[in-house]
Every structure is written in C-alpha cells, then in structure tokens.
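Chain nomenclature is as follows: A, B, C and D, assigned in order of appearance, with residue numbering initiated at 1 for each chain independently.
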C-alpha cells in the first residue's frame, strides 16, 4: 500500500488504484534455479500473433537452445528447446487458457550436460536494423511483462517513422509479483546491456527506466551498475508513484514523459517504444551469450504456496512441477492464477506449461479469494475514479447488461484495456471487466459477420 | 505432497477486490446515524425513537413484500431499505403520528425505490420521496413541532393517533429556528443551533454532532466529500453575500448553515451515490445547484425550509448532468500529443 | 356503392369517387349550420337558468357577508358618488359593489368584491362592510385554488372566519401570528397557511383602499333617512325583491368577471 | 342501409358474426365489452389523461365528468356513424370536430344550468372534452366505419369504461383525500385527509398504482394461461 505522500512525490498518470502489494513475501528472495523435470511442453502460440512453425519432428533429439519452431509470419517468433532431450510429441495439448493448441513436447535427457554452453556472442553494433529485427525475432523475444507481444515488431519501423524515446518498464505494478524486481536487483548489468543494445540500434535520443517507488533498492542497484555503461548517458532512472496500472504502456509513457498516446494508436505514434526489463535482459543474453529465450523468472507466491519463491523457470515446465519445487500448495488453495492477480488467467488444471509471458504463479487460499455478493450499481463513481483510461465503466456496465453494444462503442468501450481497476473498486461486485470482454467479443463477432 | 488438482475456482481477472462493498458502505452510514439517533433520543425522548422505528418498519416491510419475488427478502441484506427508513424517520418531527411515519416508510421504498427497479435504479432519494409525500399529504402535521425537554418517557398524544385519524395537536407547540426567522424575524442563537436544543426534525438538531459525523464519513471515504463541500460553501457564499449587502433582512451565513435540515440533508441525503452525479465536475455542479436552491427557497420561497426540495430537484437533474458531463477518455483530448515532453 | 364505401372507405373515396370542392364546402357548411342552430337553441333554453344560478349565488354571498340584510342593489362609482348600476352609462364603470338593505329598507352595509394573488392562484372574495361602525362584518371566499387542507382553511376554518365578524378597518387591517390577536383591526393567521391568510388580508386592504373613501364621500352626502345622493327615493318599494326570482335585483346578471369558472 | 359484417378496424375484436341476428347481437355485446375491460380507454389505452387527472378528486366530480363524456361520445358516435357515407373523406375530421364540439357545448350549458356547483368544480375541463383524444379517436377508428348499432355499442362501452375508470380513481382519491365517498364521511370527523390525493400529484400517483395493478393482473393472467398450456402439453 502506498503512503499518501508517494503519489505526490513521484510522477504518475491520473486515476488508477492502490491495491495491497503483497510483495513482501517474495521481494527479498533471490532467484532460484529449478531442478530438471522429465517433460517440457511448448505451445507453438505463446505470443500474440501467428503460431510458430515446427522445424523438428517427433523423435528428433534436441539440445538446449536449439530452434524448435521458426516464426510463422512477421508477428511471430522462434521457439527454442529449453532443455536437452528429444521431441516426444507434436500435437494438441492443453494451453493454460484451457484451449487445446498445437504444442511440442520434449522429454528431457536426464544425463545431459546442464552446464551452460560456451557464450557465442553476436555483435549488434554491425547490424542494420532489418537484420537486428530478424535476429531478435528468431531469438524468440516477446514482451515479458505478461502481454507476450513479439518484441521485434516494435523495432520494425514503417518507412519514414523514427523512435526518439526508449522506455524500459520496471514498474511491475501487479500485486504479488516481484520477478522484475529481483531481476533488476540481481542482473542490473544485463538489463542495462540490453537497453544499450536496443537504444543504439534504434538511435533514440532519450532512455527512461521507470521503477515504482516501492522498489527503490532496484533503482539503487541500476544506478550503481550504470557506471559500466558510459554509452547510456541518456538513460534516466525514473522513480514512479506506486499505482496500478502503472505498467500499462500508455500509462507508463504518460507517467514518465507526460505524453499521451492517442486512443487507438501505438506508442510508436508518439515516437516511443516500451520494453520490459525482463525483455532487455533476455536481449542482452541473446547477443552476448547467443542464448535465445529459454527461461524466465517467475514469482511463485500467494497464501496457498507453502514456500514462496522467485524461480528461473525453463519455458514449458509444468505449473505443477514449479509449485512442487516450492513445497506444493496447501489444501485450502482454491485458485491458481497464471500471471498477476489483476490481469492473469485462472488455471483449471496445474498440468499446463509456463509460457514466455508467465510472470507469476499465484496460488490463493480460499480465505483470500474474495467472492463478493453482487448488488445493483449504486452509481458511487468509484470506477470512474479508478479507470486510467477515463471511461465510464458504470455506464458501460449498464449498457452491457442489456446488450446495447453499439452504444457501448460510442462510449469508447474499445479503449478499455481490461486492467480490472473498475472491477477491483466496485463495491457492488459487478464483474465489469468480464462484461466488457464479452461485449468486445460480441462486437468483433458482429463485425466479422457483416 | 498433494498431486490432485484442488477444486479450483474459475473466475476471470481481476482476482483481487477492494474490501469495501455496498452493504459495507450502508453499514458505515448506519453507524454514523447511530449517534444522531442517540442524540435525538436525548433531546426528544422516546417519541423520536418510536417515529424512527415506525418509518423503518414501514420501509423494511415494503422491501420485503414487494422486493424480488424469487428470493424474497434477499434485498434486505444490502441495508439500503433500513437506511432509507431510518433517514426518513430522522427527517420527521418528533411528535409525528406513528401511522404516518409507517406510511411514509412504505411510500419511500415503494414509490421511491421499488417502482424504479430497486437499488441503484431510482431517480430520487427514497427517504426524501417518502418525506415529500408526507409533506404533501399531511402538511399541517408535518410542520407541527414539539418543544424539547419534556422527559424521555413523554409521548405526545399526536404520536399515538389511531391509523388514518387526525393527530390531536398538543397544546404546546414550538417554532423551528427557520420558522422563527421567516415569519417572526427572530434569530435563534448560534450556540443552541450547534448544541441542538432547538425544535426541529428528529435528526436535524445538533449541528456540532453532524459536523463530526460528516468529517468521519468523509475520512472513511464513504461518500464523495465534494458534495457536502460544494453545498455548504455555496450556501455560505450565497447567504454571505446577501448578508453583507443587507444584514437587516438576511440572516448570517452561519445561521443558514447550522439551522434546519441543511447539514443533515447534505451529509446523509445529497451524498446518496445513487441519486447524485458520478463525474467529479458533475458532482460539483450538483452541490452548487443544491446550495443555490436551498438559499432561494429559504429566503424567497413560501416555505421556511428548502433542503428537501432542493435535493429532489437536483436529483431530477442528475441524469442530465451525467449525460452532459462525461469524463474525456485518455488519449482523446484536443491537446497536441507531441507537446508535453517536458520531463 | 354504400357497401363498398363502408368496407373500404379509403380506397373507395380516393379512387373514382373524388367529391367536388362544392360538396366539401357544402358538407362543412351544413354541419356548421346545424351545429349553430343547435347551440342557439340550447343557449336560449339554458340561459335563464344559468343567469338565475349566478344571481342567486351572488345574492347569497352578499346577504351572508352582511348579516341582517334581505335585499341588495348593485352600485357603481361615477366619479362623484355611488349610483345604481342602471343609472350608469354602459362604459362608465368597471367595478361595482353591492349595497344591502334590511327588512325596513334601510342600509345595512356594502358588500365589496375583490380579488388578488393567493398562494396558488387568484383568490376572489366578497366582504361586508358597515360604514356606521367602520367594521368588516363578514367575508366569503368566492373562488380560490388554495392548497386543500391548508390554504383552503381561509373558507373552511370557522375560527378564521370569526376574524371577520367585527374587524375594524381603522387603523388598517393587519395579519398577526396565530393566537396573538389582541386588537380589533388584527386578523389571526391560520397555522401552516400564513401565506393564504395574509393574502386574504391583503385583498381586504386593497378593497378598502378602493372603496372606503368612495363610500365615505357618498355617505357624507347621504341624508339622515339613509337615502343615497342622486337616488331620491330609491329605497322605497323598489327594493323588496322576491328572493328566488332571477335577474331582478341586480341588472348585471353575472358575478364580477371570472366567476364563471375557468 | 345493409348491415355489413365487416371486421372492425378500430377494435378488431368483433366476433365473426355473419349478418345473422344472433351473431350480430353477439358482436354488439363484444363491441360493448371491449371498452369496459379489454380495451379500457384509461387502464389499457391510457387515453384521456387530462380530465382523468384533473377532475377525479372526488367521486361526484368523476361521475359528472364521466356522464358528460358519455353523452358526448355516444351522441357523436351515433351521428358520425349515421352520416358516415355522407361525409366526404377529405373533411371528415373537421366535421367530426364540429359534431363533437356541438355536443360538448350542449353538455356544458346543460350542466351549468342544472348543476352549477359541479360545473364550477369541473371548470374548463367540460369544454376540454372536445380535445379528449378518446372521443375523436373513436370517431375516426370506429364510428366512421361501422353501422350505427355497432358504433353506439362501441361508444357506450368506451364511455362506460372511461366513466368506470374515472369513478375508480375519483372514489379512491376522495376516500383517501377527504375521508368520504360521494360526500358521505366514512371515518368520522377525526379522519386525517391525505391532502396530496386531491391534488394533481395524487392523481398521478393513484393512476400509476392502478395501472401497475392492471399490468400485474395482466401478467398474472398471461402467466396462468402459459402454465395451462404447459399442463395441456404435458397431458398430451
């Protein structure tokens, strides 16, 4: 919970909410390595955009870091073997969202050498932007804050456009999560190195790294580490007020630069690109070590987890394995969430893999799963004060309840980023975000139909 | 170690919820009303408690009888009917016949809330609808005020009037500070307004107590602090200007603030979220409107008190305000997007 | 033809059977003519009754506000004195009062109709004034739309009516708070209907302002036996009027303007 | 004039009489009944609200207004139906208005002559019968297209329904607002009148409640019929 003063001292966007952070249990825990498990499952569509196309067949032996699937289009990335072993299955498997999706299953070789391979650096300095974009794409880079948007797409500029600002996102505003926090504390050099590579490639004039004020130790760590990067003299480390959804791209840009990204447009339209700190570190590893995206830091936390931890998890590890490495979940656990508790997805089964965008696994005991009663909207206006997009969720909710979708569009439903702030504050327990998601889907269906 | 998946709850994000819920808000207001009821009991005795009880009973019975038929009585739990009933009771004179208070409770919930579709759908504050009905139906009885200090057990014979029968007015009646101001040009001393030992409605007596409760509710964020601030500042400024221009004719702004039902109505009726605008600018407009109307009605209208009608009128204007004053969505402003790179 | 028109009136009329304008005009004209005849008929039949009703109402009111009177006469102000309405020219007056006489034919007082704004709408009333005692001796509200239960007490509340049994006009009539009447020129207001009560008092004062001086002026010229100036012998014989017969006492059949409802 | 077994465009609820005396009498009855209940001008069609709200503050006033409307509606329906083949379509509305206005004026004068007190109470609303949409509506929708017999049956039904509704409202408002019915005190002198009931807002409130009651009855009936249907299906 932020102190009232913090909001005033540090820059931020307007509106938003202050949910309890719940970060204490993991913020002090160093990143652990996970033991090797027998199976790894890699869905081909882990990111927004087209699924990757497999380049291996069942039975093939693969070594750690080997390309398993190549990009299936421009908005798509490569997929690599997180462990050494062989491909045991290619076909439909359960995605965390509940759908059956094509996936590659790898049976790990228990006797494989798990020492990291010798680094094979690639020098970014000599590349032109096109090669750089391709290299990042093949490296499997996606936004690691949770949205899993292929990173290279942000760097591929349409002709005539340029990027002036690079904003590195260390806000980590979702409660419970501390993966980015630990990464900034433990690998500040990697983050700065990745930032430097991207900044140089894009030729930006300014680099900002925004960190919420509840992680000022991370700011110190980065400040200490930056002396090793004389090129990064344009970097500004910006402490931000603790507020949700600070980590949303547009809110972060507004908080740091004061720029407002027009509704329906991209950060590119204000000549800005936003990357997560995790992505920056992964890019550094890609160029310096030749290591594509194979693993990521995942916060395992929540009242249902026996031993909360920050884990460096190879992609494709099943959630059950991760949780068991953390001592398992308590009997009264009634909900397991992949991602943060504000925007993550609930899991119906624990036998689903960790994805590139999985920033956390939160298990909540029954007492923390607040099932509030639903009452009529009392028009208290709290949702208006919460909505960082300045919408009127109350009115949208009323319209959604009676299926007046066209009118909802007129009231800018499509601007909603589904951050969940309105549902969080609603005293009447109206599932506003859920209504908006359904309405958006309905509107899209109708557009397709016509 | 447990291997089977637990019976997981599947919901959609967000999974966190602010602890305040609607019954909670209602409970906070009810809690704030408790001292008011206690003070009323101290000033007016048992009669006040009985009047509040009768109106509450009427409200609850109506909510139960005409609420949702599928799950009868389920809407009682949100506490809004209880709140409306108590609020209505507190706006009535202590010597009010109990059957009329009961009838008022029925009208408040029946015509003020249920015919609109229940909680959150009503245009007007239910308690004030009940009071407006009683004012229109029994204009004499509702403006007959009992004096204070007749002992706790004293019951006016009017209180006990048989249903549908006239309240035989006791020989002792009193005039409210506003009535004295309007018709006799007598000003009640400020001190007795603050303490509350002047005749009036059950809940509108001690200004000091109401101010404390208002501060507490604002601090708890139970209501939008802008509404009381807007109303009280408007009344103070408007009445203050008149007073400065002509202190002979017009009462001082402090008298205007602390007399009658202004504080009570401002804190407990105008702040009803259902019937007030949502966007902050709309809320300011709403409050200023009430403030202006209160002063206009009190000083130039036919009635000594105008808070009820002021709030009801602005309730009626609320949908219009909400329609006109909308938040402008992020990124849809007129400002040049490339300006602002100051930091 | 008939059948077709009845079953399909629209298409039938729109089609071949387009009536000439003459037919249209004559139909309307005929309708208007017949209607006009009907109205003239009903008017002629009902007029006497209607006038009688009005006259009776007026007489009742006048006799009520001036206790002891049995007959009345409508008077107008011609600039110098009060003269019976039949002696005044058509356009020379706009307002009138009524002089009332007792069984002996001597003057009881004057009934003054007056109106003014009440709480909701115009209050029209008539009140009896006795010049000898300089008192108002009765008041009757002829028409008002005051709030039922409150403002309508100005004619329903017996206690309020009592105020006007002997209400001195000098000094001026004033309204006082309920229960504090202590002088003959004060009117005790009705609790909860102060505005209507005050309106009544205001209307009385208005009436007094208009008429009292005129009455005094006329009275100063009045002879001892109660005769009015310019009306020699007016009080003899002519005035005792059969009470129920319409249209005799007051030549102007209507109540003052507006009394016919709205 | 031949009797025409036409469907009634105004009501549409006429039985399928085929010109036979029996069937015709049934149809007359149906035309009459629909105005009383199924198509009641106030409770179902919500017509004539102005007099409805303005003069129903006592049962006597309501009855007088009901009677005046009855006279005007039946009279003009009779005349319009009688002249329906004579009046050219182009001037029919003007002619109806003339006919209605004549009846209204007759009613006005008569009331003024016979019952001056009630006439004073009703005031302008007697003259305003002429603009009561119920009356012109019946001429245009029914009387101008049907035989005299049916038109009169329809007018009697509609005016009767209107009068009944007026009386309902007037009675309730008088009982609550004055504690009496037809001027007879019901509760003794101690009754506390509900002043609002004899004011226009009371008219609105009572009318709203009565409409609520009627809609509730209707929905209950529909519900009941539905469950009967289900029962029937189940039996099959």
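To be clear about the criterion, a contact is a pair of C-beta atoms (placed from the backbone, for glycine too) under 8 Å apart; a residue touches a chain by one contact, two chains touch by 3 or more.
Fair warning: this is a prediction, and the values are worked out from it, not measured in the lab.
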item	value
Per Cα centroids, the chain farthest from chain C	A
Identity of the most central chain, Cα criterion	B
Two chains joined by the most C-beta pairs in contact, as defined above	A-B
Interchain centroid distance [CA atoms averaged], chain A/chain D, Å	70
Averaged-CA centre spacing for the pair chain C and chain A, given as whole angstrom	88
CA centroid of chain B to CA centroid of chain C, Å	47
Centroid spacing, where centroids are CA-atom means, of chain C and chain D in whole angstrom	35
Residues of chain B touching at least two other chains	138-139
Two or more partner chains touched - positions in chain D	195, 199
Pairs of chains satisfying the touch condition	A-B, B-C, B-D, C-D
Chain C - residues contacting chain B, complex	119, 147, 149-150, 177, 191-192, 194-195
Residue numbers on chain D that touch chain C, as the complex places them	1-2, 4, 6, 84-91, 94-95, 98-99, 101-102, 105-106, 109-110, 112-114, 116, 119-120, 122-124, 144-145, 147, 177, 193, 195, 198-199
Chain D partner contacts - residues on chain C that touch it in the complex	2-3, 5-7, 9-10, 13-14, 19, 23-24, 27-28, 31-32, 34-35, 38-39, 42-43, 45-46, 49-50, 53-54, 57, 143, 147-150, 261-262
Complex contact set, residues of chain D against chain B	179, 187, 190-192, 194-197, 199, 201-202, 205, 208, 212
Chain A to chain B touching residues, read off their complex	11, 17, 19-20, 165, 175, 238, 250, 254, 256-265, 269-271, 320, 324, 328-329, 331, 333-337, 339, 341-351, 362, 364, 369-373, 375-381, 384-385, 387-392, 394-395, 411-412, 415, 418, 420-421, 423-429, 431, 433-434, 437
